[in-house]
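So that you can tell them apart, the chains are marked A, B, C and D in the order they are listed, and the count of residues begins at 1 in each.
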Amino acid sequence: MNIVRGYCEYRVPYADTDQMGMVYYGRYLSYFERARNELMRALGFTYKEMEAMGLGLPVIEAHVNYKNPAHYDDLLTISAELKWLKTVRLQVYCQIYRGEELLADGYTIHAVMDMKSKKATRLPDKMRELFLKNLPEKQGSLEN
Amino acid sequence: MNIVRGYCEYRVPYADTDQMGMVYYGRYLSYFERARNELMRALGFTYKEMEAMGLGLPVIEAHVNYKNPAHYDDLLTISAELKWLKTVRLQVYCQIYRGEELLADGYTIHAVMDMKSKKATRLPDKMRELFLKNLPEKQGSLEN
Amino acid sequence: MNIVRGYCEYRVPYADTDQMGMVYYGRYLSYFERARNELMRALGFTYKEMEAMGLGLPVIEAHVNYKNPAHYDDLLTISAELKWLKTVRLQVYCQIYRGEELLADGYTIHAVMDMKSKKATRLPDKMRELFLKNLPEKQGSLEN
Amino acid sequence: MNIVRGYCEYRVPYADTDQMGMVYYGRYLSYFERARNELMRALGFTYKEMEAMGLGLPVIEAHVNYKNPAHYDDLLTISAELKWLKTVRLQVYCQIYRGEELLADGYTIHAVMDMKSKKATRLPDKMRELFLKNLPEKQGSLEN
């Protein structure tokens, strides 16, 4: 069964490069974010809507593997998919491609947070089901 | 009479450079911001305190003149001073130096805003007096 | 006669917002850059190709008018067009729209620079003609 | 025996915040960079000098643990120390504090690269010895 993934295309501006002539390593985390936004839109609601419900997904851990440099004016494809969902945490896995070439991948781990109380919280059932349906099969039982 | 100015030192990170080997032009507006923060601290209250009072100073106009490029690892001195204050607007003038050399200057024009109503508002009297005392003399009468 | 303009669509990421809940004012200069890149592509060559010829267009002046705030997840349309061309300088005018609503506009003035000698230089004739053909009519004579 | 560490103080500008009212997660990697720059300066040469020798330390892996949010106007202390050195790779461990409170930590893994050939290379002996002397004791033997 196909799971939902988020994708976006992104043209690298001069702003993202550094004097090594490649994209600065810190920029990749905002690239991941762009794909996560599209993942949620593809799942049927946006992070903006989630915020309007008083929920947030602050990042508690981030990891990037840099394989090949991205350059100015490259047209990148960035993808995001859910990796696992626990009671109050979830992981998203991201990849950055230039055509067929994988430039970087990595992940972010997010707390599910009630933004008013600033406390971890469960996802609303409807959202939770949607997320669970879109996990890769092997991780389907990671419910702790 | 001496007027209060804000100053900060800033070491240019790799993050701020672009592949032309100099600081990316868009970064200078955040340099100006750093000096504006110090200007307000030097005046006796911080922008954070201003926000806690429900006031904000959103930028409505910004201008930068780029004279000489800043480079990675340069130690910059950034200054900010009030230029004029009208009923619900004010201008801050900023300069960026590397040692004795002026690299860039420019200004920002800010609305004084009630952040709840999102409407322009007068500064509280105490703050207004403080600002007026620290305008350059010639602009002292720009009270319209 | 129609002149060539550059356009791009841009989805605002969380990365671009600040705690006022709108896009940070310094980010707009990189938005302008994205549209300038597309202007050059639309004119028939890219800034990357220009760099490969040893030419650069460093910014010597930038100005932004902020009219209405852009927000997270907004889909913006950014446009760029040539305003004037002098012997070794040119101006590009940019606009940022959300749908029909103009959020900001402004301009950048660029030096035409030989990147090896770091000296101002004339554009190659072919490029110059192309640029001249795509100036708004009134400015057609600003050849000094 | 004491090992050399790099430190810098950093005042959080509005530019670094996002609409969640905290520092955007992608910004931390540039904070790490600021401390790495100071680590190298403290070791006796700067990254700028290293680049002048034709060497670079591109990041091939980065990891951040976010423990407590940093906020606008916070005065942070960022530290960096060498963790291990292999033939053509090294790891730097970084911490971000606000006063006594640890806000985030993480690491970057760097390739030692000949920037002309774009190939991995050994550090020059003098630099290598300096780095080895400043590893935490337990990792002293990680010479593979």
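Everything below uses one rule, namely that a contact is a pair of C-beta atoms (placed from the backbone, for glycine too) under 8 Å apart; a residue touches a chain by one contact, two chains touch by 3 or more.
Note that this is a predicted model, so its numbers are computed, not measured.
Engineer: Which chain has its C-alpha centroid farthest away from the centroid of subunit D?
Structural biologist: Taking each chain's C-alpha mean as its centre, the farthest from subunit D is C.
Engineer: Have a look at where subunit A meets subunit B and say same if over half of the interface residue numbers show up on both copies, different if under half do.
Structural biologist: Comparing the two copies, subunit A and subunit B contact each other through largely the same residue numbers, since over half are shared.
Engineer: Between subunit A and subunit B, what distance separates the C-alpha centroids? Give it in angstrom.
Structural biologist: Here the centre of subunit B sits 35 Å away from the centre of subunit A.
Engineer: Using the average of all C-alpha atoms in each chain as its centre, how far is it in Å between subunit A and subunit C?
Structural biologist: Between these chains, centre-to-centre, one finds 30 Å.
Engineer: What positions in subunit A touch 2 or more of the other chains?
Structural biologist: Residues 14-15, 20, 22, 24, 26, 30, 33, 72 of subunit A touch two or more partner chains.
Engineer: Under the stated contact criterion, what part of subunit C meets subunit D in this complex?
Structural biologist: 14-15, 17-22, 24, 26, 72
Engineer: What residues on subunit B touch subunit D, complex-wise?
Structural biologist: Residue list for subunit B touching subunit D: 8, 11, 13-15, 30, 33-34, 37, 46-48, 72-73.
Engineer: Help me check something: in the complex, which residues belonging to subunit B touch subunit C?
Structural biologist: 20, 22, 24-30, 33, 56, 58-67, 69, 108, 115
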